[in-house]
Amino acid sequence: MKLSKEIHKELYLKMNQTREFEETAARLFVEGKVHGTAHFCIGEEATGVGVCSALEVEDYILQTHRGHNQGIGKNMDINKMMAEFRGKATGYCKGKGGCMHIADFSVGSLGANGVVGGGLPIATGAALKQKYNKEKNITVCFFGDGASNEGAFHESLNLASVWKLPVLFVCTNNLYGMSTPVSKSMNIEDISIRAASYGIKGIALDGNDVVNIYEETLKAKEYILENGPMLMVLNTYRWMGHSKSDAQIYRTKDEVKEWKEKCPIKQHKKFILENKIMTEDELVAIGKQAVEDIEKAVEFAENSPEPRIEDIFDDVYA
Amino acid sequence: MKLSKEIHKELYLKMNQTREFEETAARLFVEGKVHGTAHFCIGEEATGVGVCSALEVEDYILQTHRGHNQGIGKNMDINKMMAEFRGKATGYCKGKGGCMHIADFSVGSLGANGVVGGGLPIATGAALKQKYNKEKNITVCFFGDGASNEGAFHESLNLASVWKLPVLFVCTNNLYGMSTPVSKSMNIEDISIRAASYGIKGIALDGNDVVNIYEETLKAKEYILENGPMLMVLNTYRWMGHSKSDAQIYRTKDEVKEWKEKCPIKQHKKFILENKIMTEDELVAIGKQAVEDIEKAVEFAENSPEPRIEDIFDDVYA
Amino acid sequence: MREITYAQAINEAMSEEMRREKNLIFMGEDIGLYGGAFGVSKGMFEEFGPERILDTPITELAITGCAAGASMTGLRTIVEIMFSDFMTLAMEQLANQAAKNRFQFGGQGSVPMVLRAPGGSGTGAAAQHSQSLEAWVAHVPGLKVVIPSTPADAKGLLKASIRDDNPVVFLEQKLLYRVKGEVPDLDEDFIIPLGKADIKREGKDVTIITYGRMVQRCIKVAEEFAKDGVEIEVVDIRTLVPLDKETLISSAKKTGKVLVVHEACQTGGFGGELVSVVVESDAFFYLDAPVKRLGGLDVPIPYNPGLEALVVPTEEKITAAIKDLL
Amino acid sequence: MREITYAQAINEAMSEEMRREKNLIFMGEDIGLYGGAFGVSKGMFEEFGPERILDTPITELAITGCAAGASMTGLRTIVEIMFSDFMTLAMEQLANQAAKNRFQFGGQGSVPMVLRAPGGSGTGAAAQHSQSLEAWVAHVPGLKVVIPSTPADAKGLLKASIRDDNPVVFLEQKLLYRVKGEVPDLDEDFIIPLGKADIKREGKDVTIITYGRMVQRCIKVAEEFAKDGVEIEVVDIRTLVPLDKETLISSAKKTGKVLVVHEACQTGGFGGELVSVVVESDAFFYLDAPVKRLGGLDVPIPYNPGLEALVVPTEEKITAAIKDLL
């Protein structure tokens, strides 16, 4: 498979937007402009961006609490994302959800989830609807290594398998669930072997190789529409702490440094240059665009109104 | 391994007691002496009897809703079992639990469970206590094929594995969860492969071969005390309906007939006679004893008082 | 009018709605060929086939979330939880996801699903198969909660629940499944809107506010009192959320004496809400006796049939409570 | 007396009990080296080691059941659920198993476990991390339920909970973790028995019955009213189950005016129970105004800090409610 220049551009831009979005978000915390918490995916950009860019609007995704890459990958509006992060009325959820609940049904995102593993059962339902309507689309469910120990993982993969539902289960294994290393939360090394319990296919990929993730997602979609669900494990690493407040005493600086060398953006850049897909200048321009996009989003959010308490009962019931 | 005559006697007696107990219980329903429901394990006697007879008092078991074989296997008092089934004050649970909640802490039964998969998490806790106290005993958790699709299965096996807890997970695969055949509730044929998801050992055995089950349990206990948890799948079949009221339209009479031929009691008898461990007469005598034991239990229960409403608040709190 | 059972009424409601709405599906454990643990869905698999009547593995969390996901994306779903006690396994998807999704996503999407589950004691199934957990779900904004007491209510309210665009928890009463009652003819599109209490018996001396299987019991007691000239009004709230406060309050004002009855354990039960609604309102000034609650004893449901019958409000206890009020 | 935070008080209670009882263990997600999501268990891993302080996978159902199983067989356990919202995943083991085992087994064994979980809003964590679910657990016979409002109460009540032979749900208040208060010296074996309400402020004109983080807020309002000569009594129930009815009732009799305040959504909240306890008693005859409830709005907790602050009882709303009563 050889990806077009357009695709590379898209992937590179989205990864840069994601990183810029999060670095900016982190700064906004420091500036005291946001309350609550956030979970950053810096270092993991290739996972959500690679998978979601390979999807169509009609494919659904279920995002995690660490899902800015997933949302940007699925073409969510960055202004509305930032506004939601700031709790503004113009945000995706009118300021009611915050960054743990960002969703955009219009691009196929059925929402980020604050509950570890919370999206898994929902994904089976979205896929059931696709199957019921004989759509040629799939549902992609993101979740972490930690989530794969929840009962919801087991029940959802089993149900999807029994009903042959078109779900791609994507486990972003970043080696930790909060402070708990995978080695202490499960007794296996390759999470993809769990697929066997459900009689479905499981694969494990380098989670920092956006090109390969993109390609494998295209293949997975085809496979799934034919054969039913599949488990894709993306091995990656989170550079920042688990959430805003995390002293990270559970891992070494060396480990973090090692993984920073495997930076997915840097890797993609190298690939692009080596294969002469774009020039250094072109890439710099994309990087700049990402920065501008986020600046605009910050401004949009800053100038947006707060939600009003008078509207609080809206949306409790349809 | 060659089992002693005593052991064979015990196994044969307990299987006969179980069958007699249940056939009698079924009759008591017809006679209107019991309200509620019951789940019979006729055809599956070898599972609970084989496993539990290989255990010591200090080994714990968690029983299922279909667990008369497990209780009798663990040397529960048949009088108190029958009295509980009749809801009498002399029953194991003073008539408060009924046959879905029979328990005898004094022989190591931590109780039958009305919730499918409900015993699994509890088993990890009992085993944790054993490990904490450096006991040389294990906890055996019974559950069905259907239960292995519950989140509790996944979470409990994973936890037990991570903590290397001394648990033997025993799945009695009787091919159906209520009306739902295994083929429709999971996409695998051998449930024991699910052990791999937790990095633990899994084995599948003929669930109607009481001798082999007994022997394998002894081995499993040794293995577990050394290496941590293990999954043992016992493939068997339930002859009766799921519970009292079941028209059994989901399976064929031929299938039932086929399995009746594999009757665990008949098989054991054949083994005993072929290996000249006991004579036909001896076996008949054991069968008679089983009948008498149950008759006595019926009488005991019949003559026992009902619990009094005045005592209802006892046991809500310790 | 023809008489059918409560179970049949539920079956009819589901079947009729499935006929008119092709996007409606129904899932649960053993609901297909087997017809459901209580036989409620008998015949539906044959009529609607395996694509719309989905037998599931034993996996309450997943099927509840599956229903929510399908409903969020365009289907309408009914999910049956075999005993309401097993909602305990599904509360995450029900309370955190189905109930909150619309709000937390700022109004994007809705979750038109009905979670049906039978509750209550009296079948000898003991502590883990006999609970009445309506108070839990009534405390979760985003959910609606219905408990019908007659076949007609079951049918009309279930049809309304299925057409509702929100997640509705529809709690059936095991002991009513075989009870018969008058239900409008099949060709009528018989709907009872959610949020309307029903005065099942008019009276002027005392108000009983109740729901579910206690309704008939209260009516029976009321009829006994009527012989002595005491006219008890029996108000069946039918839907706990939304609650028809007006009807409760105006009945309380009329009679000045209120007894709240439910099967669920009294402490923390929905009775507290009902009492509060009355005493917080101006009905307070019309009350000439303390409002009384009569709930189940605060114990798990025991197996023994004699005990089991006595831990919930009996006719005797209801009678005594009314006498206290008079 | 020395002052420590609510979080430290909880840490001290656990640590002291672990020192005196070798059979006590503590498990939860990230409670070890990390010290817990809210830092409550900082230092405990270092002191008690990995055999007694058990970091678990993310698996709420299993760890709740694991604690129950260990407690049934001879250990005593504390299990931390990182946010009380995730009790939704554990309700089966908590309500069907831990709460009912003793009863359904006819008194065999007991389940001395404490499930600790922080509840409440105010941290900007939105709908799935901010609930107040005490009403659910208070409705389950077999469980005890505690919600402390001060560091001293947290310490004394947690020690009592750990020594209790029953499953106790100990609901902490996120927003109180960093709040300081006086707590008796370390060498005192400071225990507050479960089931005793505490009059946090005496008064004769109005009674506020409340608990958790609303206690301080109510006291503040009371102090404002005191400036105008209105003396409000603030009763902190502290334990929902068992409930100290006597103290509530006698305060209501004394003042004749009652306001119930809690953060949880009003509908179906524990406030209904509190109102009922008062109006069912002879305090009814002493009331000169309808009992009022002030709970949270019936909405999921919104993310925006402005909205979030306004969906729970504010000082303004409490003040207005008191004025209504006067």
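Should a chain be cited, it is by its letter among A, B, C and D, assigned in written order, with residues numbered from 1 in that chain.
Operating definition for what follows: contacts are C-beta pairs under 8 Å (C-beta built on N, C-alpha and C of every residue); 3 or more make two chains touch, one makes a residue touch a chain.
All of these numbers come straight from a predicted model, not from anything done at the bench.
Undergrad: Keeping to the contact definition above, tell me which chains border both chain B and chain D.
TA: Common contact partners of chain B and chain D, which must touch each of the two, are A, C.
Undergrad: Excluding chain C, which sets of chains remain joined through contacts?
TA: one piece
Undergrad: Which chain has its C-alpha centroid farthest away from the centroid of chain D?
TA: Farthest chain from chain D, going by C-alpha centroids: B.
Undergrad: Cα centroid separation between chain A and chain B, in whole Å?
TA: Taking the mean C-alpha position of each chain, the two centres sit 45 Å apart.
Undergrad: Using Cα averages as centroids, what's the distance between chain A and chain C in whole Å?
TA: 40
Undergrad: How many angstrom lie between the CA centroids of chain A and chain D, rounded to a whole number?
TA: The mean C-alpha positions of chain A and chain D differ by 36 Å.
Undergrad: Can you check how far apart chain C and chain D are, centre to centre, with Cα atoms defining each centre and the answer in Å?
TA: Between these chains, centre-to-centre, one finds 30 Å.
Undergrad: Touching two or more other chains, which residues of chain B qualify?
TA: 93, 95-97, 101, 113-115, 118, 149-152, 155, 158, 162, 184-186, 316
Undergrad: Name the residues of chain C that each touch 2 or more other chains.
TA: 57, 59, 61-62, 85-86, 89, 92, 96, 103-104, 126-128, 141-142, 298-300, 302-303
Undergrad: Line, ring, star, complete or other: which one describes how these chains touch?
TA: complete
Undergrad: Mind pulling up the chain D residues that touch chain C in the complex?
TA: For this pair, the touching residues of chain D are 61, 85-86, 88-89, 91-92, 94-96, 99-100, 103-104, 126-128, 133, 135-136, 138-142, 240-241, 243, 264-265, 267-276, 279-282, 284-285, 289-293, 298-300, 302-303.
Undergrad: Using the touch definition from the top, list the residues of chain B that touch chain A in their complex.
TA: So the residues of chain B touching chain A come out as 149-155, 158, 161-162, 184-188, 193-194, 196-200.
Undergrad: Give every residue of chain B touching chain C within the complex, in rising order.
TA: Against chain C, the touching part of chain B is residues 34-37, 84, 87-88, 93, 95-98, 100-101, 113-118, 146-147, 149-151, 177-180, 184-186, 249-250, 306-307, 309, 312-313, 316.
Undergrad: Over in the complex, which chain C residues touch chain A? Could you list them?
TA: Going by the criterion above, the answer is residues 25, 51, 54, 56-57, 59, 61-75, 77, 92-93, 96-97, 101-112, 141-142, 144, 165-166.
Undergrad: Would you pull the chain C residues touching chain B in the complex into a rising list?
TA: Residues in contact with chain B: 29-30, 32-34, 37, 55, 57-62, 85-86, 89, 123-129, 297-300, 302-307, 310-311.
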